[in-house]
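Two complexes come next, and they have one chain in common, chain A, joined by chain B in the first and chain C in the second.
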Partner chain A sequence: MSRAEVDDVRVASGPREVRRIWTFGLFRSELGITFRRWRTLALLGVLAAVPILVGVAVKIETSDGSTLGGGGEGGGPAFIAQITNNGLFLVFTALAATLPFFLPMAVGVVAGDSIAGESSAGTLRYLLVAPAGRTRLLLVKYATTMTFCLVATLVVALSALTVGALLFPLGEVTTISGTRIGFGEGLLRALLIALVVAASLIGVAALGLFVSTLTSSGIAAMATTVGLLITIQILDQIPQLHAIHPYFFSHYWLSFADLMREPVYWDELLKNLGLQGLYAALFGSAAWARFGAKDITA
Partner chain B sequence: MAPYEPEQNTSESGGPRAGRRKAARYVVPVAVAGVAAATIGLVPALATSGDPDLPDVTAQELIEKIAASDTQQLSGNVKISTDLGLPSFGGDLAGGFAPGGGGGSDEGGDGEGSAADPQAKLMELASGTHTLRVAADGPDKQKLSVLDDAAEYSLIHNGDDVWAYDSKSNEAYHSKTEGKAREKAQGKDSGDNSGKENLPEGVPATPKELAEEALKAVDDTTSVKVDGTAQVAGRDAYRLVIKPKQAGSTVGQITVAVDAKTGTPLKFTLSPAGGGSAVVDAGFTKVDFGKPAASTFDFTPPKGAKVTEADDAKSGEREHGFKDGGKDFGGKEFKGGQDRDGLDGLNGLNVMGKGWNSIAELELPGGQGIPTAGSGDVPPDAQRLLDSLGDQVSGEFGSGTVFKTRLVNALITEDGKVYAGAVTKDALVKAANSATAAK
Partner chain C sequence: MPHTSTGGRVTESVIETSALTKRYGKQLAVDQLSLTVPAGSVFGFLGPNGSGKTTTIRMLMGLIEPTSGRASVLGRPVPREIRTVLPHVGALIEGPALYGFLSGRDNLLRYDAADPTADPRTRRARAESALDRVGLTAAAGKKAKAYSLGMKQRLGLAAALLQPRRLLVLDEPTNGLDPQGMREIRALVRELASEGTTVFLSSHLLDEIEQVCTHAAVMAQGRLITQGPVAELAAGARGRLTVTTPDTGEAARVLKELGVTDLVVTEDRVTGEPPGAEEGAQAPGDLAELNAALVGAGVRVRGFGVERASLEDAFVALTGEGFDVAG
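Coming up: the complex of A and B.
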């Protein structure tokens, strides 16, 4: 190997190194900005309160020894009948209760604000003056939003686990197929379920990011994203539209419960993950196309 | 390689070139959408193409193969779609056909029924699309699970115990099978049928059970032939087509896909004579002939679950609810009148015709029919509802109402006679006329 070649390699790897540090630094500062915001903390607080509310309500209703809802048709969110026997089920109930609205709404707020918020605050052009590049800024924003998805889900799960452990007994877990698994495996499944729930939000996050590149008003982007979320949820309830239901990002959300079957029923879980990937690819590339070609005026 | 992304320089340079560049960017999301649409559209088409090449067999050989098939160990997923064409009243009308069974779950709070009662639950399979999981290991161990949204209903037969567990309401149902139940019930007068009806085979749900019911109906009024091959759940299968020869039946044809290696029926499709989508379509989407894990069949009711013992439940209620309703759906249309012992709750049962066109004639308890318009027995609003449910017909027998589904039609006359069968409306009227003339 000649000297010149070695030098070439060194020269080529130098900027790349710088670039990686830059990306990481940008990501870290974005994370810091996002999670230090009062708005973000308030959203996480609301999410953490949901399991507390559910747990206390179930505890009060069953404190006289009665079963929940008289053992009838089992209304309410999924798994709620099992909470009294095993606090771990509060994790699943809380996730099932927050997934349809609270979690995606929080994600919609963060995703919708990501680009449009900078734009309306007049800080976007300064971000772009720094040698980060638009594509990388977009990727960093998306990564931040996904991190928020994961953190928000884990906040719900951990809050539920704490409340469940405090108010209800823990122990061997009965899967919904009727078989038993140990508490350790139950915890593992709870973690898997939290990850799947977080992954279920990828689609909304990508949609929010795309909407965020369309407008320069943060509020408008958030409202549009949450509005789209509600619209899709309503359309998903209309039986006449069943032909297009499988393409709604929210259609397979509750499939995370399939992880509690024994053996696990993967069909819908994989469909859900595939669908989220499709949304990420489609709206991610649309956001890239829009943001890369956009005139930044603010 | 350039250290920085170039687009921040180019995008604001203006001019027609920049405009084209902007447009070119949107090619990427459009391409992503195109690839996704093509994948969604083409992959299922590619997966189902190409029927397997199998040596020819005759229908007789195939039926013998099914009969000789000794599949003891099996596990897999079954998708069952039922479209009986019942008017949809919140999806619960099937319960209305089985008064005890359907009512049992509604009255769960009274302690009379249980949400986990197998008979009430399996009636739900009579409408809509369901995903089932089945596992079997010999005659003593079977498991059937109905996968609901975020809940599951499991029916587990392991040795002497039959357990049913409904995870949604966290209720379990327990009964002992024949041997034990006999001993236990000897002191009771209801012992004669309590054991048998508790077995989890009341409603045929798997393709094998459905195919066996269909093959029971095979006689000289039926044409059976092998019609090519198909792939079901990734396995090569023969298609057996069973067709009624007589006109007048609502059954168009029954197709059974039989696994070429094991002779196990893998898919069952019942098409109505009137065309349209299948009335019953049950098939494996995944099947494995290996031995299922022993833990699959273990069941201990979870802590805090409400357990209903079969002996505690009112046997009378079940007798009416399931025997009538279950046979209506599960038995009659296939069995063609050969096995009607289940209808003992009603009196005066008489079977007319034979084969696929057999019509059951029976009297409603109390000899009262459904009042027709003008009789003044019911308020006008209720009358209108009754009229909208059925067609008014009249003939030599008087007048009556025909209640139609896509498979089973029933004529209820004013004087309380019921004619029911998997036959057309005209055939029912003809049967009613001839029955009246014979008297």
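Coming up: the complex of A and C.
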């Protein structure tokens, strides 16, 4: 075949080109199908219910005028003893209660299903011939999972704030260090804490995405991710494994409480964010390497 | 689109593979395939179950990496330049796949959003016209999980038609369609072909290939057996003269005298190779004479004619075995 003949069927003569701005259409579409899904709404519903349960339980427990036992950082989730004085503390309590399990589980489900779910439904092959592009699709999936982390955390925080405001008085906030800050400043800290909690989920999200590229069964990917999450949490409790604890994505999770100190104690907060970044880079690249070379046979 | 073709040279090829091979573990799914799909053709890709049709298509669409060999689509090497190629290709691969919780229309919008070359401003309009083309406008608002198999198949086709395409790759497109639907799809394929789209169509329905395809290739056990224009392939097998009559004995005797060879007598039919069939075309005059001779000899002729050589005959001649015998 001569050059000239080849040129005749060359796609170069086609009028279509990639427009940068149009590539965001896939992200919008992805957000749409993620948050329209019944499963996502159920997960968010469960998350919203946690602060309601905690708030109502605390209200009932203290309705006879008694205070909650345990106090401080001892029994129950952090800050729980302070809720009766200030409803804003329900936000901190709810985040502390959901961060170890409910939030990462929800993220694990969404992240684990992201690629594997499309693969088992067969829709992955049509996205790829559309052509979505493997790297672009992976980035979109990751961005959507991160968005879900943020939305899930905000759902917990807003539900807690609403319940706290309805059931308990609001006002000045006493920090862990004992100083008092205004309610406005307290709200700001609450928002900051929610953002840090959302960022704490980045590691699980990256792990889930990687697992999702390994299999073509959505259920298997979700189960594996949530299983890994539980395993890590258990291992983090075993003192003999002390040496490797700092590398577990969940190790510094509860450091968000340090934002309630005056002045803020940044050491572990930064370690947490650094660790999440490390997980994102590591498992993000692993997912990219795996997905880029994978045979799509489903 | 600016199709600067220099007079539709037959040497232009839209798909070209050479020694393309895919191995799954020990199994060779596609073995040294060298295929040429001419531009503007409706190309039938035939083969029994498991012969490697879908595997070939997946390689051409960049979904799986070939074990060895080369392939190019629309003049570009794949999978290396697959992303510049695919916006010009509509594909239906191994049946449709849809988001069950989305409506038919939203499924199309989703797939269109995945294409970074697709203009979002015309997205809805293009989705509507694609739905219209496959006759799904009325059911467009229904959730895809409530679609029947044929409706899903149509929606899959609609997704392939969201943009004007240079090449359509359709893996068993009429699977699950009712006869009416099959006819519509065939009409659609012809229409698209007349607009200049090359259609690459896999099937194991010989009939279907024969009705719409200009070219065909036959696969068996991962290997290419033959390829070429359908007319040439079918001509490889000669038509047989068939006489339906209660007087089979007499008919056979008369036909033999007139030079008909390879006579086979069944219950009420006599078949054979008409004289001069080796030279190809059958002069109609000869047939009329044969018929007159039969009637003249008092044979009560109920039916008379030459069964057109079909692709199926060609296929059986090529493989020498039942079509659906998988290796």
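As a convention for this text, the second predicted complex is superposed on the first by the 273 of 298 C-alpha atoms of A that agree within 3 Å, B and C clash if a C-alpha of one lies under 4 Å from a C-alpha of the other, contacts with A are read in each partner's own complex, and residues count from 1 in each chain.
Keep this in mind: a contact is a pair of C-beta atoms (placed from the backbone, for glycine too) under 8 Å apart; a residue touches a chain by one contact, two chains touch by 3 or more.
All of these numbers come straight from a predicted model, not from anything done at the bench.
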Answer with first, second, both or neither: which of chain B and chain C does A:Lys59 touch in the superposed model? neither
Is A:Arg136 contacted by the first partner chain B, the second partner chain C, both or neither? both
Check the residue A:Gly292 against both partner chains and state whether it touches chain B (first), chain C (second), both, or neither. first
For A:His245, decide between first (touching chain B), second (touching chain C), both and neither. neither
Looking at the overlay, what does A:Ile176 touch: chain B (first), chain C (second), both, or neither? first
Chain B versus chain C as contact partner of A:Ser29, first or second or both or neither: second
Touch check for A:Leu128: first (chain B), second (chain C), both, or neither? both
Using the superposition on A, tell me which residues of chain A are in contact with chain B and, in the other complex, with chain C. 15-16, 18-19, 128, 131, 133, 136, 293, 295
In the complex, chain A residues that touch chain B: 12, 15-16, 18-19, 67, 70-74, 78-79, 81-82, 84-86, 96, 128, 131, 133-136, 169, 171, 174, 176-180, 254, 257-258, 261-262, 265, 267, 278, 281-283, 285-286, 288-290, 292-295
Applying the document's contact rule, which stretches of chain A touch chain C when the two form their complex? 1, 4-11, 13-19, 22-23, 25-26, 28-29, 33, 36-38, 121-123, 125-133, 136-137, 293, 295-297
What residues on chain B touch chain A, complex-wise? 1, 3-5, 7-8, 11-12, 21-22, 25-26, 28-29, 32-33, 36, 77, 105, 108-109, 115, 131, 133, 145, 147, 149-152, 154, 156, 163, 165-171, 285, 295-296, 298-300, 302-306
Chain C - residues contacting chain A, complex: 1-6, 9, 11-14, 16, 39, 58, 61-65, 74-76, 82-89, 91, 93-95, 97-102, 109-120, 156, 159, 163, 166
